[in-house]
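Chain naming follows the written order as A, B, C, D, E, F and G, and within any one chain the residues start at number 1.
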Amino acid sequence: MSGNTLKMLSEYLDTSVLVKLKGGRSLKGTLKSYDQHLNLILKDAEELDSEGNSRPVGTVLIRGDNVVMMSPAK
Amino acid sequence: MSGNTLKMLSEYLDTSVLVKLKGGRSLKGTLKSYDQHLNLILKDAEELDSEGNSRPVGTVLIRGDNVVMMSPAK
Amino acid sequence: MSGNTLKMLSEYLDTSVLVKLKGGRSLKGTLKSYDQHLNLILKDAEELDSEGNSRPVGTVLIRGDNVVMMSPAK
Amino acid sequence: MSGNTLKMLSEYLDTSVLVKLKGGRSLKGTLKSYDQHLNLILKDAEELDSEGNSRPVGTVLIRGDNVVMMSPAK
Amino acid sequence: MSGNTLKMLSEYLDTSVLVKLKGGRSLKGTLKSYDQHLNLILKDAEELDSEGNSRPVGTVLIRGDNVVMMSPAK
Amino acid sequence: MSGNTLKMLSEYLDTSVLVKLKGGRSLKGTLKSYDQHLNLILKDAEELDSEGNSRPVGTVLIRGDNVVMMSPAK
Amino acid sequence: MSGNTLKMLSEYLDTSVLVKLKGGRSLKGTLKSYDQHLNLILKDAEELDSEGNSRPVGTVLIRGDNVVMMSPAK
């Protein structure tokens, strides 16, 4: 991440995001922290498997190399 | 990315692009930001699965290492 | 890991954490050490396979590139 | 890429090349740009799947880590 | 590996360890050497496949990127 | 590649080599160029699939991270 | 590879070693060269597939990232 991309990423802070991981898992939660590798910390997160089932996981740290993409949660 | 490649990439800014990801997923949207790792931000994006089904995802950040290729959306 | 992310990570020290690894394995134990690659040392750890079976492994060092995510153990 | 390899690569510029990607996909087009990571831009490109079916994709940017090999198109 | 993690790792030297590798293989032996990439040398090692069968391999050098985790052998 | 390894590699220049790639493909041709990442250029190359079928590909550039091993062609 | 590990590795030079590769292939031969990435050159090598079949390959250069482990050949 650099320049414009990091700036746009900062607008996601403290908002609810949906993070898709390699292998089909997704996480939904409030973005509390990120860095240039896209290591993320989500608060009040819930894990969604590929069948759509949800499970609360609390505060979770995600290693950036597992992330496919991140978008606002609706 | 470097030199000529980054320059040609800049011509895609604010145009509609099709991004193919590893694993068969594609995303279509307006390119708002990129960096040298090919981390991308697409606006008004929609996700296309390998069967061609479309789903709106809004503004989405894609981690560059998932990208296979990017071309103008037709 | 950098800045804010490392700071929040330090709050997990000496608490019980759940670490999910690539390939479906999980480990639960007390976080004793970490570094910026997310190499971890867990004490009194137990390994959980994808079917939920548990097996004690004592003190275990995990190579960071296997980590998907880490959250507080409940 | 370095030294001799980059020099020989420059001879492919503005000629028609065949690029094989990891996972069985190939692309054929005119090489317009490359860098030391083998990030490529092809013009008037067409995508060939593993069954040999062709589909035009226009100007396409390929992320270098997906490339297996590149040769002159016949 | 860095700081605290390397220090705790040094306590494993000359003790019997169990090393789990990507792909289901494990090795058990006396840890004689390690470095910051977790490249390891085990002495009097035996290889254990995923079915639990054991086979002596003598002194073995393991490339660090294959390591999932390491714990004391019991 | 470094030191002795690069020196031994230089002895393969302008000789016929067999290159095995990840995923079961092999290439046979005259080694015209290499660098420290094992990016290779082969001339008068032919591609061999895992069933042993051969297909001429002319001059081919191979991205080094796909290479498993290289030996003299017999 | 660094320090002690490289030193122990040097003791394998000009001896017969068994190298296990990712994907189940093994090579047996006399170690003639290595570097810090574990790029290896074996002389009078033979390739062993996962069924135990052997095939002579002469002098072979192995790209280090394919290596799982190396031990003395018995």
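Convention: contacts are C-beta pairs under 8 Å (C-beta built on N, C-alpha and C of every residue); 3 or more make two chains touch, one makes a residue touch a chain.
Bear in mind that the values here come from a model prediction, so they are computed numbers and not experimental data.
Any chain bridging chain B and chain G, meaning touching each of them, is missing here; the list is empty. Computed from the mean C-alpha positions, the centre of chain A lies at a distance of 18 Å from the centre of chain C. Look at where the CA atoms of chain A average out and do the same for chain G: the two points lie 41 Å apart. Among all residues of chain F, those that touch two or more other chains are 65.
Ring order of the chains (start at chain F, first neighbour chain G): F, G, E, C, A, B, D. On chain F, the positions that touch chain D within their shared complex are 21, 23, 25, 27, 32-37, 39-41, 45, 57-63, 65-66.
Residue ranges on chain D touching chain F, taken from their complex, read 1-5, 8-9, 12, 22, 38, 64-65, 67-72, 74.
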